[in-house]
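Please find the structures below.
In the two complexes that follow, subunit A is the common piece, with subunit B as its partner first and subunit C second.
Showing the complex of A and B:
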């Protein structure tokens, strides 16, 4: 999976993910999130339009990122959900836990 | 044999010196390539052993290595840079190793550079050997972790011999672990007139998931024992109270569906926190028992709803994990949610007991994933009411 970070606004960077988001990708995602939060970021948007598959390990990483943002009085926004991601979030009712937005 | 009569004494001395030097180099090279077996398989020690021997032939001051391995050998940095020879070699598909040999007091001549090239190959070989050793060690550690995780998982789950036996209910339970253990779980209990059952999936894989799965099963069993008179929703709440902080600290969650079937009132109640698929099949049609709250460990104070129905003979409830629905075939297509629902309905219509439905369903998923690795644990509970 590719992770592209746009930090035009360093307090609210946008991560664009592309590919399969599974247990093999969680370390890279966690490192990226932790580096952003250790810098200036308070809010983070994760653009999921190009994620073709997401598993429970990846969902747990999103939950972790959400909690860390909220601990700093920020928010993790999930944007432009692809169909596979939207289905999993609905099936697990995680859509009730995340802030989901239509556009980045 | 050529005559040396015409050479001056000085030339003969010089030539003799060169021949002795060449002979020393050959002996040194022999020493380099016929050394004792390494006492360590760590790259720095192996490289040092090569360079210690090479230094006695080439009078090296310092050797700097970077690229896939970073290391400095040297008694002292050279005062001048008269002798500097560099090379880059590939280390067994891992990347390049850049090596710089330094000698301060004189330049490297043609003979030196040929020897240095041989030493560079020995250094590269030492680094490659060490990397293979570490890769083998890592695989061994992973294999042991998988084995331990599988043992932890197997010990946590109830044995099939304890499956509830009632004249009006047939009950099937099976867990097929993947090569890398996931966190799939199930459990059950008979309490008075009720059969309680639960299925779930801890996020992640390997030993952490297996350990938390074991904790989750204990929490579910204890919560059913203590709170069964309050219904599944409160039992899920009790499990959440027990597990939320532990899961949250570990950046994990568990999907969980807990149900109670009362054999006297023929009533089924299910509370679902983030779990899928749960399929209810009655009179030839299937319905999903959807989650009404996120998985446990996500939001503190998990509040699910209750899904309730009366049961009739022939009705079937299937609770599975995503190892069934997400199994790929060789073309990369998942078994899928819709196919699971349709398959459950088809088998429910023709089978007389839960065992037949469960076995056929697992066989169908296995056939779909034939020639592909099992990507995740497959856990399955089937209840058929009669």
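Showing the complex of A and C:
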């Protein structure tokens, strides 16, 4: 999975993920999130339009990122969900836990 | 934004499919509570997008975790969960699912999505072209394999050499958990299948050869799933034992007969039962 960071606004960077988000990818995702939060970021948007599959480990990693954002009075936004990711969030009932937005 | 794929999924989730069912997807599951919901989601969206009536069958294998409960709580009307009282092995779960399936094309797929469901169409092309069986292959030219450890590659290669030259089954990969059948082929093979564990695939392909079925080996994308519960040493021993058992069963004429008669087939829950339960 590729992770591209756009920090035009360093307080609200946008991560664009591309590929399969599974346990093999969680370390890289965690490192990126932690680096952004350690810098200036408060809010983070994760663009998931090019992610077709997300497994339980990756869902747990998103929950962790959400908690860390909220601890700093920020928010983690999930944007442009692909259909499979939207349905996976619904079936796991995590759609109610995240802030889901249409556009980045 | 509601896309066509999402709309198709919503219809599938809420409206029982009418006969004839075109596609059946069978997923064997043993203690898959952690992994099963993302797999169901990915399969459901992709299969619904194909625009044909289809059903999803999860053949439980005696799970002791919450696999069955999680699935039943989804209330997806075309998801059939076949409970098993005890763990009988992956081969038994696949057989139960395949013999209960009603589709004109039957696929079984592993619960970890290691072969993404998007590969369905690749195998379907071979069935439409007239093959009786189409098997996903990680070793055929053009396959894409990711995250597979070097040790596992060597292990797979060794077993495959044994299968090819010691057993006479000429496929580069017999164990990929992504195989498609016509209903006639599934009926012929799974009613005779005797191996209930990991190497049931090998037996099914051995039988396909024996009964002169046409088998296409299709290169697929495959991503090793973290958390695999396969114990390589145990599997290797079982595999060799099962090869001997399959040959012995054949010599004794056990494949001339039906070993799993229709009268013993499990029935799928009636369409809509899940919804009725949810609204009662």
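One rule holds for everything that comes next: the second predicted complex is superposed on the first by the 104 of 104 C-alpha atoms of A that agree within 3 Å, B and C clash if a C-alpha of one lies under 4 Å from a C-alpha of the other, contacts with A are read in each partner's own complex, and residues count from 1 in each chain.
Rule of thumb we're sticking to: a contact is a pair of C-beta atoms (placed from the backbone, for glycine too) under 8 Å apart; a residue touches a chain by one contact, two chains touch by 3 or more.
Nothing here was measured: the structure is a model prediction, and the numbers come from that model.
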Just from the overlay, do subunit B and subunit C fit on subunit A, or is there a clash?
clash
On the A-aligned overlay, A:83 touches which partner chain: subunit B = first, subunit C = second, or both, or neither?
second
What is the contact status of A:102 with respect to subunit B (first) and subunit C (second): first, second, both, or neither?
second
Name the contact category of A:63: first (subunit B only), second (subunit C only), both, or neither.
first
Between subunit B (first) and subunit C (second), which does A:55 come into contact with in this model arrangement: first, second, both, or neither?
both
Determine, under the contact definition given at the top, whether A:92 touches first (subunit B), second (subunit C), both, or neither.
both
Which partner does A:8 reach: the first (subunit B), the second (subunit C), both, or neither?
neither
Kindly classify A:73 by the partners it touches after superposition: subunit B alone (first), subunit C alone (second), both, or neither?
neither
Name the contact category of A:23: first (subunit B only), second (subunit C only), both, or neither.
both
Given the options 74-82, 236-244 or 344-352, the segment of subunit B that clashes with subunit C spans residues 344-352
Subunit A residues touched by both subunit B and subunit C?
23, 55-57, 59, 87, 91-92
Inside the complex, what are the residues of subunit B that reach subunit A?
201, 203-205, 248, 251-253, 255, 273-277, 290-295, 297-299, 322, 326, 337, 376
Subunit A - residues contacting subunit B, complex:
23, 55-57, 59-61, 63-64, 67, 87, 91-94, 96-97
Give the list of subunit A residues in touch with subunit C in this complex.
20, 22-24, 52-57, 59, 83-84, 86-88, 90-92, 102
Please give the residue numbers of subunit C that touch subunit A in the complex, ascending.
1, 3, 5-6, 9, 34-35, 37-38, 40-42, 44-46, 49, 74, 113, 116, 118, 147, 223, 225-227
